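Below is one structure, written out as structure tokens, with a few remarks after it.
All chains are identified by letter, namely A, B, C and D, in their written order; residue positions are counted from 1 within each chain.
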Amino acid sequence: MSSTAKQRMLARAARDITPGMTVNLGIGLPTQVMAHVGADCPVCLHSENGIAGVGGLAAPGHEDRNLIDAGGGYITCAPGGSFFDSAVSFALVRGGRLDLTLLGAFEVAANGDLANWIIPGKSAAGVGGAIELAQKARRVGVLTSHTDKHGNPKILERCTLPLTAVGCVNRIYTDMAVCDVQPDGLHLVELAEGVTLAEVRAATGAPLIVPAGPIPTF
Amino acid sequence: MSSTAKQRMLARAARDITPGMTVNLGIGLPTQVMAHVGADCPVCLHSENGIAGVGGLAAPGHEDRNLIDAGGGYITCAPGGSFFDSAVSFALVRGGRLDLTLLGAFEVAANGDLANWIIPGKSAAGVGGAIELAQKARRVGVLTSHTDKHGNPKILERCTLPLTAVGCVNRIYTDMAVCDVQPDGLHLVELAEGVTLAEVRAATGAPLIVPAGPIPTF
Amino acid sequence: MPLLDKSTDLAEAIGRIGDGARIMIGGFGVPGTPFTLIAELVRHGPKNLTIIKNDANEPGMGVDWLLGAGMVSRLITSHVGLNGNAVRMMNAGEIEVEFVAQGILAERIRTAGAGLKGFVSDIGIGTLLAEGKQRVEMDGATYLIEPALEADFALVHAARADTFGNLAYAATARNFNPLMAMAANCTIAEAEVIVGTGGIDPDMVHTPAPFVDHLVALPEKLMEVYGVVHR
Amino acid sequence: MPLLDKSTDLAEAIGRIGDGARIMIGGFGVPGTPFTLIAELVRHGPKNLTIIKNDANEPGMGVDWLLGAGMVSRLITSHVGLNGNAVRMMNAGEIEVEFVAQGILAERIRTAGAGLKGFVSDIGIGTLLAEGKQRVEMDGATYLIEPALEADFALVHAARADTFGNLAYAATARNFNPLMAMAANCTIAEAEVIVGTGGIDPDMVHTPAPFVDHLVALPEKLMEVYGVVHR
């Protein structure tokens, strides 16, 4: 994935973060989406280790030893932020107060199944908070390269790996396209600039339902 | 119950409140036990509406509108007290952190059954927090007049009223005696000063197991 | 990054409550009861409400206003002993009352707030209160399943809030408020003081703002009913 | 009325932990991990421990000290990805690891702290993590029963305490600490600052003192491991 394509994908995902949302961004690519959200957009960033209202990354030399996000990065707390214990933190997730989570994926399926925590035969280091984020956020977006490093599709008809959660994904953002999971299958919503429908079809392991008119680009 | 007998009963119950205990005192007679606990005895008084470390009753004119006990009385908070929500308050009770509760009774049985919340046919206004206090405090004491206002025993072989909790009572304090619930039955532990064994037996609706030697008085 | 300002008008906040709504109301006795929100609810006048509250307040106060206005069809509570009106209406069949042990009521509300379906407990086994409840075997013993208790709205009272909706309660006015704030689909908070974001230490927030939807400022001079009750 | 002083000596507090104990340890990464209590536990040296902690810290830190000393037979955790030693020992069968989804781990601990037997949830249904779990039908759907997770001891880290054992945590160092403090039979807290009773506002207590058994003061200069991790 080129740097340009990656930045375009991050910016596209950021446009779905709208004023007033409470959002949890998974470790890796999803965390980088925040840099693309407008500085004046009122968004509450949740991290499952016990904060709502992440301000941003702590400046080097100004880290607070007691203030990290779930990925272990040193962060700041925005004015209006709050700290709470792990039970309250996941109550917020499971109780329907998390409007959106963006997660990474090993595989994501046309039926919304997500696999992002274990590859059997390789080491399994535990699921952390991923299951509850995937299963219970009101809206789940997946950020991923469209294909793996060998060029194989990561978007499949059915996942082959053990699932993180069943039918949980609403939207998939990749370097090539934006796709929505709908009851009738996977809909191509937008194409990345310079990417053709044929290229996306070839790189996707599931049938794509394509809009009748011109396909918007991002 | 004479005022002297009542004060003697309250003082006797207070002697079982020992340093370091966390204690919940039910509405009515039990609440009055506190006045008999030594002022230098470190005891943490819990009220189920959300305080550990009740200081005492608020002085008239110095009530805090936000600070009551579960009976609705205005109280103070001792230095070292804490406030918490109702879920934490009952977590403390059910989780084994309440060393002792003293409760009132309609009826109490030789097997430790307690009935203190509903008299069928009369109005039932709800059980409040009594069930959990009775069932889960590490130790449950009952404070009651030995007989009801008609002179009928309140200590029975089996309760006739709907139970608050099954087999929960450890010790019974009355104006006539102190009795312990043991696996083999109800043991007479102490007699109130000036009360005879025969009088207690006559006023008790269950067989009493009496110590071999002289019976201590209180 | 800024955070949303959830301050709103009293009538607008309460105006979204319709007939048949299930409403949780904070408070244990007077402390923590959102009297201003309740008074506006009476003015607004939806019918056939289910009210979930620890107690029914006392005559002439809070929940009693709703009872008196004939707006309540069902009350889920731990006890109503201080309100003879509630007892009378219950006995006359004018309202249906479900009694729940106080800590079980708190926990059923919290369970909804935690997005869980229910919990497993031994509280009340061997008593009337266990009758009719679903049972389950665990480790060779029998337990009761207590279902989560959800609501459409929660009305809560805070001593202090920031504009984003972080809440802090005073003393025993906390009680059921933080639990209910988590459990309802829409949480409306009244606050005695509302400060800007950053005005509450993030370590000292009792209800994190994501649980709060709408925030109503109380006038500096509170209604008399909030004061000390002289008996 | 005065309240008990629970301050004690580090060695005395930890000395009561014996072989085979089930020990909850607070912390999520570095923040909130009671490194001083863990270091003393290593010195004391009980064997065959079950450790319940969100994560296994990183190599050379906290839980890793216990693993390195061969004191741990079982680890109940949400993930160990940052500690290669834990992964290696797990794969070599030197320790048994039970993975629990993070929020379910938190809730199972809280359930024990609340004196309940378990809770009912739909988390993980349709995945590997549901396998082998007890199921129950409610409202026509199938749910999982998650049992309470209890422990003999909880080791927690507080920023501030009073002598009675009221605890306050700093920022994201709160995490599992208040839950574990409630869940264990014996809770031992280390605190950076211990003040007299009355030194913590009762509205701002995170863990009420009745949940805390023993309190250990940390030296003014903390071990380096408490500091910011530079990667």
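Odds and ends about this structure:
FYI, contacts are C-beta pairs under 8 Å (C-beta built on N, C-alpha and C of every residue); 3 or more make two chains touch, one makes a residue touch a chain.
Nothing here was measured: the structure is a model prediction, and the numbers come from that model.
By the document's definition of touch, common neighbours of chain A and chain C comprise D. The minimum number of touch steps linking chain B to chain C comes to 1.
Between the interfaces B-D and A-D, more contacting C-beta pairs are found at A-D. Relative to chain D, the chain whose mean Cα position lies farthest away is B.
Averaging Cα coordinates per chain places chain C and chain D 32 Å apart.
Rounded to a whole number, the gap between the C-alpha centres of chain A and chain B is 56 angstrom.
If you average the CA atoms of chain B and of chain D, the two centres end up 35 Å from each other.
Annotation: 30 Å between the Cα-based centres of chain A and chain D. Residues of chain C found to touch two or more other chains are 107, 110, 114, 116, 121-122, 169-171, 174, 202-203. Residues of chain B in contact with at least two other chains: 51, 77, 83-84, 87, 90, 93-94, 136. Because contacts link the chains in a way that matches no line, ring, star or complete pattern, their graph is best described as other. Interchain contacts (touch definition given at top) occur between A-C, A-D, B-C, B-D, C-D. Only residues 1-5, 110, 112-116, 162-164, 166, 182-183, 185, 196-198, 200, 202-203, 205, 208-211 of chain C touch chain A when the two sit together in their complex. By the touch criterion stated above, chain B contacts chain D in their complex at residues 19-20, 22, 37, 39-46, 51-56, 77-84, 87-88, 90-98, 136.
On the chain A side of its complex with chain D, the touching residues are 47-51, 63-70, 72, 74, 77, 83-87, 89-90, 93-94, 118, 123-132, 135-136, 162-166.
Chain C meets chain D in the complex at residues 107, 111, 114, 116-122, 134, 136, 138, 143, 145, 147, 168-171, 174, 202-204. Those residues of chain D that touch chain A in the complex are listed here as 28-32, 54, 77-82, 87, 91, 97, 99, 101-107, 109-110, 121-129, 159, 169-179, 206, 226-229.
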